[in-house]
Each structure stands twice: as C-alpha cells, then as structure tokens.
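Given below, in the form of structure tokens, are the structures.
Next come two complexes, and both contain chain A; in the first it sits with chain B, in the second with chain C.
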Partner chain A sequence: MAPDLRRPFPLGPRGFVLAGLGVAGIWAALYLGLQPSDLTPSTGGLSLARDFFARAFSPALSSEAAYVPDGTPGLLALSLRAAVTTVVYAAAAMSVALVLGIVLGFCASTAWWSGDPLGGRTWFGRTVAPVIYGATRVLIGFMRSVHEVLWAVLFLAAVGLTPLAAVVAIAIPYAGTLAKIFSEMVDEAPREASHALRAAGASGMQQFAFGLVPRALPDMIAYAFYRFECALRSSAVLGFFGYETLGREIEQSFVSTNYGEVWTHLYVLLALVLVFDAWSGRLRARLAR
Partner chain B sequence: MSVSAHATESELDALWRARPRSRFVRVSFALFGLLLVGSWFVGDFDFADSFSDTRARNLDRFLDEVRPYPLRAPGPDGTLEPLPWDWGVFGTWAQQRLTDGVSDRDTPGGLESALGTLAISVLAIVLAALASLVFCGFAARTLATPRPFAPHAGPAPWPRRLAWQVVRGATRIVLIVQRSMPEYILAFLLLAMLRTPAWPAVLALAIHNCGILGRLAAETIENADPRPAVALRALGASRTTIALTSIAPAILPRLLTYFFYRWETCVREATVLGILGLASLGWLIDEAQVSGFRYDEMVFFIGLGMVIVLAGDLLSAIARRIVRRAS
Partner chain C sequence: MKQPATGFSLDDVSVRFGAHAALRGIDLEVAPGEAVALVGPSGAGKSTLLRVLVGMVRPGAGRARVGGEDLATLTRSALRRARASIGFVHQDLCLVPNVRVARNVLSGRLGSQGLVRSTLGMVFPPRAALDEALAILTRVGIPEKLFERTDTLSGGQQQRVAVARALYQGPAALLADEPVSSVDPARARDTVGLLTRISREEGLTLLMSLHNLELAREFFPRLVGMRAGRIVFDRPSEAITEADFHALYDLDPAEVLADGA
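Showing the complex of A and B:
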C-alpha cells in the first residue's frame, strides 16, 4: 500500500500506541533483568514441578497428612466447607458493594446531575451538586486504588482477624469499581426515552429513574454478576491471610507438600468459578436480547 | 404489537402482558438475592466481637503507630507520644523510605520497587496480549470453522466440522481455566518452581489476563462486521489472509481498549503479588508489617502503591483516548 503522504509521521496514532507498547515491554524486561533461560526451573524446582503436576489427574480424595488427629473432618468436607465460606464472604461483600456502588455510581454520573434530579438550575444545583459530584469521584478513585488484599492487610493490622474485616476489605474496592462502571453505563445509555419523558413533563428524577436507568439496567446487572465471579476469586485469595476460605486450604496443603490435596482444592475453586461463569454468561445472553 | 397514538386502556394492557419475560432471569434474580441476603445469616460474622473494646483499642493503637516514627517520642509512661507535625522531618523520613525501603531490612527502595511493580505489570500484559492474539482466532466461532465467512458454501464434510469443533472447544477450555485461577494462587504455585524474583509474578499475571483478553478478543471477532471478510473470501483469500487483512484492523481499536483496562488491573495485582516475596511494592508492605510491626512504613508503601495505581489509570485513560480519537 502506498504511504499516506498527508501524514507527517509514518505512524498513525494507533501505530504510535502499538510502538510505545513494544518499547514499554522491552524496557520492562530489561528493568527486571529477565532472561528466558530463567524460565527453566532449578533442579529442586523441576522435581517439585514434576511431583506437583503428576497429581493433576489424581487429586486426593482423603487427607494425605501423615498424622490426622481424631475428629478432623475429611478432606472433601474440609474443601467444601472452605468453598461455602468463600461464597459467603464474596456474597456478603457483594451485597454491601452493590448498595454502595449504586448510590455512589449515581452520584458520580453526569446524567444524575444534568438531568436535574434535584433541580439543576436552582441554587443547590449550582453550588452543592458539583461538590458532591466531584467528591464522589475522588472517593471512588481512592476506594479503587487500594487492592482488596491490601485493605485486608490494613484491617488485619488495625483490628485483627475478624470475618467482617474480610468482607469490608473486598466490599470497599468493589464498591468503587461498581460505582465507576455504573456511572459510565448510565451516562452512555441511550437518551431518547429520557428526552421523551422530559417532553411529557416528567421531573428530572422521573427522567433518570424511568428513562435512563432501565436502558442501562441490563448492562449493570450483567456487570454485577461478573464482579461476583471476581469476588469469589478475591475471597479465595484472602485465605492466604488467615481467613477460612479456599486459599488457606491451598496454601496449607501446598506447604505440607500434599500436592494431591492442592489439586482437590484447586478443582473445587475451579468448579465454583465455572458454575458462576456459566450462570452469568447465560444470564448476559438473556438480558442482551 | 402496534399501538395507536392514543392508546386505549386495553391496548396498553395487552402491550404490558406481551412484554418479554424469562423464567430463567426471574429465578436467577431470586437466587442471587437470596445468596446476598442469606450470606449474612450463614456466615460466622460475630458483630459483638468485631466492635468489641479490644478491637477498638487495637484500632486506637494502630492509628497512633501510623504516624511516622521520627514524629513520635517516648512520653512519661514509656509509650510513644506524637510530636508536633514537621514537614521537614516527614520529608527526610519519606525520602529514606523511597531510597532504602523498610528500615533495618534488606529490601530495595520504595522507588525501585514501584518501578519494578510497573515493569512487572507492563511485561505481563504485553505477554498476555501476544498470547491471547494466538488463542483468540481459534476460539472465535466465525473464524474457527471449516469454511469461514462463506455463507453460501454449504456445510463442510463432518470430519472437518468435528476437527474444528474440537480445536475451538479445546481453546475455549484453556482460556476459561486460565482466567478462573486467581493471579495470587498462580504466583504462589509458580514461585515454588521458579526461584527468580520476577518471573512468577509476570507469568501469573500473564496467564490470568491471557484468558480474559483471549475471551474478549474472540467475542470481538464474532461481533465484527463480516462483510469485508465475506468479500475477501469470495475473491479466494485464505483464512490467514482474512484474519490479518480484514479482521485484525477492524478489531484493533477495541482490543487496545480492553488491553489498557486490563493493564490497570495488572498494576493493582502486581503490587499485591510482592507479598509473596516478589520484586514489587507488596514485598515492602509485607516486610514492614511482619518485621517489627512498622505500621507507619506499611501505610507509606500502600500510599506509594496508590500513587502508582492512579498514575497507571491516568496513563491508560490518555492512551485509550488516543485510540478512540484515531478510530
């Protein structure tokens, strides 16, 4: 293809971004001092990898520990109990995050304020509303910028190990993320219905609630389901910090080199995520229709 | 269902009854709601314990210790009392954290770790994107068929149909398993096998995000306008030619958007993976806490992580805007 002579630079903006990515990738590899040869495990690592992956198709069905005290539940019971705890933490966190996410998301959307839900041309709309809008956006950014594991580490240091702290740790960044995405979805929803309502004399609040939100709702529901799937993973990972979720079982079994048990717990986690993935995938397809 | 400009009561009623309904969606909602509410009754959330005096005292002590160490001094009863705030003292202390890391511990400086966090996230997402480009073509229903973009060609013989179905199914299973595994657990497992400080983090992030980007890319291919590809096919173009000349340019802007969204997540995750002892900020956060409960330094490094994350979000937003303007 002949070069486009109107362009002063041989790369378009997109090519520029791609080239930048290549340079960034090379810089990162050099900065970390990474060699592809480091990818071959050391002798110890190699035998460990062999032992570990050998058990992939023969996960343990009962405890592999040399000594099992009387009264300990069986491996499968243990794994299932950890799975239930994983789901419970994720669901509790999600229930908080959803409520917060909707409230903050609406406050952080321009449609909520420009649709004059509280009368944008009043004194309130000109002074207080922009402050609430801006403050909400800053708050969302703050909640999102700390990872749920770091929130958990902070709460561990501040108040100690309590299940409620795990729930709050997941709920804070998730509420921020939900709020950000919800506000974008409401702002990008088609406006015709809301305009028609305004022409019919609906108030700002009515336009927002009955014109805009129903258009964005299918996307919002689909995204909430996707985030629940993420919450399951986050909840499992918190097990590494002392909570009784699947992560703890995985860590303990791996550290005591009971690799068959590790695979059992991994498969339970995989099943959990896959079931939810299939459920939310089907729901997304239904809602898109 | 047509409704006149002045709909009667019965017309509106009929319209309402003909609205799309799905039992699956209703049952899903009920179950999901039950799950969210029920979790509070099933879980062992001990509210009395969570808000007990002991917890309050813990929090009180923690908030005292978050104040930078040089801004505290032993009081009359031996505990550290806060000194008046001094930006100069704070600045010196902050600078030491940026260059030396956790005090009295053999850790890299905060700045070096912050750059390491960025480098891990960048390398991981670039590797994930490259790998997902290979996967996505084999996972897309429109491309991974015996006769792609040939609407009038009729069905291919069954062995070829079956072969492509197997390829597509296998690719999708690989992608779904990749994205189902949390990065942290992947890194934990890889760390035991690869004893280099950065590869486990890079690979864990790359594997998880390859699964996500691969799925999104396959969906983008399936939703792309088929007409240019059909036209090329009619001219006798091969599958590879179609993929490279018609589909790739069409889906690139969207893929770049997904790429930058995922990179934002990667920066957050890369920070955390350091807790396993890998070359990112998480290492300093963990060291500061584990070694002598230096909560002031821990909070400082968490704050540094926030700066990195916000900088990444900003950079990503700029890049996405450039891509959007260009397309």
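Showing the complex of A and C:
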C-alpha cells in the first residue's frame, strides 16, 4: 500500500488526548471562576506586600524585635543554627529514605524479577514474586500520594513534636518517590551486559547487581542529590510546626512583622541550597569520571 | 579453573520466534577441541544457534547437548555450571561501559561464585584475581588498560576486553558471535587470529560465526554454511567450492526483504 502523502504525519489518538487535556484545562479555569481582577490586592494587603518586598534589599543583620531578652543569640547566629538544624533533619530523613527507596525500588522493578528463559521460573518466581512486586508498587504509590506536611500533621497528632516524627514524615514520601524513580532507572538501563553475564552463568541477583545496577547508578546518584535538595526545603517547611529549622524562624519573624529578619532567613535558605547544589555538582562530576 | 574441552551436539534442533523460523532441523556435531566457523548471510540463524548452545534460547524441538548433557534436562544450578564453562564473545560486546576494565574482566567468573563471594570479589578484588586478569589482558594485548574506564577504550580494545572476560571464566569452550562485525578489516583479521590462536594453545573448542568467508577459510579447518535456518554445507575449508559460496550468498529478492535478522 502506497503511503498517503497528503497527510504525512497524521495526529491520530495522540492529537485527541492533547486536545482533551487542553479542554480540561480551560474547563478547570472556568469552574474555579478565575479572572484577572482576582489579582488586585486589597489596600491592607497591598501595603503589607509593599512593606515586605521593600526589605528584600535590606535584610536585617541583627534582631528587629522591640524586646530581646538577655542571653539571646544574635540574629545571624540564630539563622545559621536554624540552617544547620535544617540540614540535619534533611540528612536524617534522606538516609532513611535512601535505604527504603533502594530496597523498595528494586522490588518494584521488572528487571529484578525477570526470569531465566531456559532455567525456567522457580516456584517462588511464579507465585510469590508477582505478589511482592504488585504489593510494593501499591505501597510506594501510597507513600508518595501523601505529602510530607500531611504525614507531619499525622505524626504530630500521634506522637507529638519529636524529632523522629519530622524525620519519618519526610522519609516516607521521599522513599516512595526515590523507589519509583529508581525502579524506572533500573528498568530503562540497557540490558545487554546483564544478558552476557547470564550467558556466563551468573545468577539473577548477580546479573542485576553487576550488569544492570552499574549502568543505572550515575543517574540514581544524581537523582538522590536532587531529592536531598528537595529535602532541605521540606525540612525548612516543617519549622512551621515548631521544629527548630529555618521555617520556624521565618514564621516567627513574619508574624512579628519583622520583614528584614524574614529576608535574612530566606537568603540563608537560598545560600544553603546554592552551596549544596554547587557541592553536589562537583561530586557528581567526579563520580562520572 | 582449567577444564577439559567440551564438545557440542545439536540433534534436529528447531527454533521459532513467532512466525519466523530461525532454525529448522539443525544437526551439528562439534568435537572437543575442534575449531569451527559458522558462515552465512544475516538472518541465517547463526546467532540463534550459538545462543541455543549456552541455554539462552530454548529449542522448540530437538536436543542441544553440551559435553554430552542435554541442556533442557539440567537443573538451574547445573545450567549455571554449564554456562560458566563456556566463554561467549557477543556481537555487541555487552560490556558495562561505565566501570573499569578490571571489573568487566572479573565479572566473567560470577557464574562459578555465590552471591556473597562474588560481591566481595567485585567490590574488593583480591590481588590474585587482579594478577590473573592482568595476565589475560597481557595475552590479548592491552595490559595497560586494566584500570581504565571501559568506555574510554577504542572499539577494537573493547573487543579485547570482551575476549578477556570470556577467557577469565576459565572456559572449556569459546563461542563467538560475529566478534568482528563492528571493526575494520585489519582489526577483524587480528581478532579472529587471536581467538583461534588462544583456543589452539589452550585446547579449547571454538565455534565462531562470521560474515566474512575469506577470514573463515584462512583461520578455520572446518566451515559450516548456514542459510535461512538450515545447514547448507559442512566440510573442510580446503574443500569449499565456488558453488558453496553461491549457495550461501546468491539471495533471491524475496529473501532479502524477508530477512528477519
């Protein structure tokens, strides 16, 4: 059959899906009654915004509070201490999330369970493995679908303002996300090397560990660094619940209308993320060599 | 690790991939220590035949025996042992590109090690293993590359790494699937020469598939010609005639388009 040259690249079903998404977006905007006039702030709101943004270029260097009790550390010391606490919470949460994410991610990858064509699948491979695979995928979906702030609300209600509650609240959704992405990275890694190891008698576990994982590892490391950066932000936000991270300093300065202090804390958070980004970029470049 | 050479035998072996018949009733005996070249056009079934011999493809009919043992009857661990006894040099090399050469070579012996021991050996290779890997790399001519990252090597050098990995297995036989399809003619000649020399010195059985009939005649005493899943001829290389060559490569147009390689 000769190709139809009048319609060289027919849109087909993909075109309908795209059009459908566009219609859904417009419908959502209409449903919410979005209109440009919503962006006009009230007079009080406008002056607050003006006061707040006016301080963007003059962050506070010392406390702006009217009364500072004796023995209170200076603003910068306070901000740096909160920054360190932010990093500590993020690091603790990420170390839990990484271990869980690797274990769950491997269990949720098809490559981990793929069988041997001639050796035949074992009894375990035919019956138990699909159950573990499916259960893991449901579990990581559930872990991911609840935001860390919601997990925090739940754990605070259950156990109170303990450090572990914050760490677990961040670690659960992060482990779920890491597991999902890790499983995809391992499944998308080229399989020739692991097939060659199979032909040389390697077991399924060995093929996975030495043929497949090394190919996915650089991507996995890069993604883990990116998630660490996200964990820094999450850890800062949990300060709004009272944890001694940058979020608590920001919230307290904000409700006291000490906007200069807010900007100081925001810049410390920005610096934290930038420094981390620069450091992880250098580390990744060294690992890639 | 040194084992006595293994022979192969295929008894009326057929393999289908969907509607495509890759092998149709293949009978082939390869004696221990023999060197045989499989020649023929793409899609003739040479790769499939080699993959049947390491248990990577299960024949739909017939028996594949390695060292007298029917692969279909082996337990998983016996199959692993059978595979570990055969070094396989793949067409597209199948190395892990982003690790050092040493790790690719050392991975050849995974088949005869348990998970714990192999993990320790891969992460912290013992000195003796590195000495051995270096000795094998010296044999294939690239000792200085032991700790280079594999993907920094040239195509010809990577091919030697693939050969080294197969030799590090301490195999009783070598299978090579078009090992020279991706390098220039001079290097192709080199590599075929290297593989035939090493298997002769070690007394290994060697079965290699090749497009290049001239190379096959130069280095192998016995040639097996394949086309469309069947063996067309099987004779000593000095007895190969012009007619045999035409029987392999004079394709009719329908066959060219139906090529399922």
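Basically, the second predicted complex is superposed on the first by the 255 of 289 C-alpha atoms of A that agree within 3 Å, B and C clash if a C-alpha of one lies under 4 Å from a C-alpha of the other, contacts with A are read in each partner's own complex, and residues count from 1 in each chain.
In this section, contacts are C-beta pairs under 8 Å (C-beta built on N, C-alpha and C of every residue); 3 or more make two chains touch, one makes a residue touch a chain.
For clarity, every value in this text was computed on a predicted model and none was experimentally measured.
Enquirer: Just checking: does A:281 make contact with chain B only, chain C only, both, or neither of them? Give me first, second, both or neither.
Expert: Touch status of A:281: no partner.
Enquirer: Please determine whether it is chain B or chain C that touches the greater number of chain A residues.
Expert: Chain A has more residues touched by B than by the other partner.
Enquirer: Answer with first, second, both or neither: which of chain B and chain C does A:242 touch in the superposed model?
Expert: neither
Enquirer: Examine A:125 and indicate which partner it touches, taking first as chain B and second as chain C; both and neither are also allowed.
Expert: Neither chain B nor chain C is touched by A:125.
Enquirer: Which holds for A:32: it touches chain B only (first), chain C only (second), both, or neither?
Expert: After superposition on chain A, A:32 lies in contact with chain B alone.
Enquirer: Would you check which partner chain A:201 touches, where first means chain B only, second means chain C only, and both and neither mean what they say?
Expert: After superposing on A, A:201 lies in contact with chain C but is clear of chain B.
Enquirer: Check chain A for residues that touch chain B in one structure and chain C in the other, and list them.
Expert: The answer is residues 289 of chain A.
Enquirer: Any idea which chain A residues touch chain B in the complex?
Expert: On the chain A side, the touching residues are 12-14, 16-18, 20-22, 24-25, 27-29, 31-34, 38-39, 41-42, 44-46, 48-49, 52, 84-85, 87-92, 94-95, 98, 141-142, 144-147, 149-150, 153-154, 157-160, 162-165, 167, 225, 228, 233-234, 236-237, 240, 247, 250-251, 254, 262, 266, 269-270, 273-274, 277, 279, 282-283, 286-287, 289.
Enquirer: In their shared complex, at which residues does chain B touch chain A?
Expert: 20, 22, 24-25, 28, 32, 35-40, 42-47, 49-50, 54-55, 58-59, 62-63, 115-116, 118-120, 122-123, 126-127, 129, 176-177, 180-182, 184-185, 188-189, 192-196, 198-199, 202, 252-253, 256, 259, 268-269, 271-272, 275, 279, 282, 285-286, 289, 293, 295, 298-299, 302, 305-306, 309-310, 313, 319, 322-323, 325-327
Enquirer: For a test of understanding, state which residues of chain A touch chain C in their complex under the given definition.
Expert: Those residues of chain A that touch chain C are 116-120, 122, 192-193, 195-203, 205-206, 209-211, 214-215, 217-218, 289.
Enquirer: Which residues, counting only chain C, touch chain A once they are in their complex?
Expert: Going by the criterion above, the answer is residues 51, 54-58, 71-72, 76, 79-88, 90, 92-99, 103, 107-108, 110-112, 115, 118-119, 122, 149, 165-166, 169.
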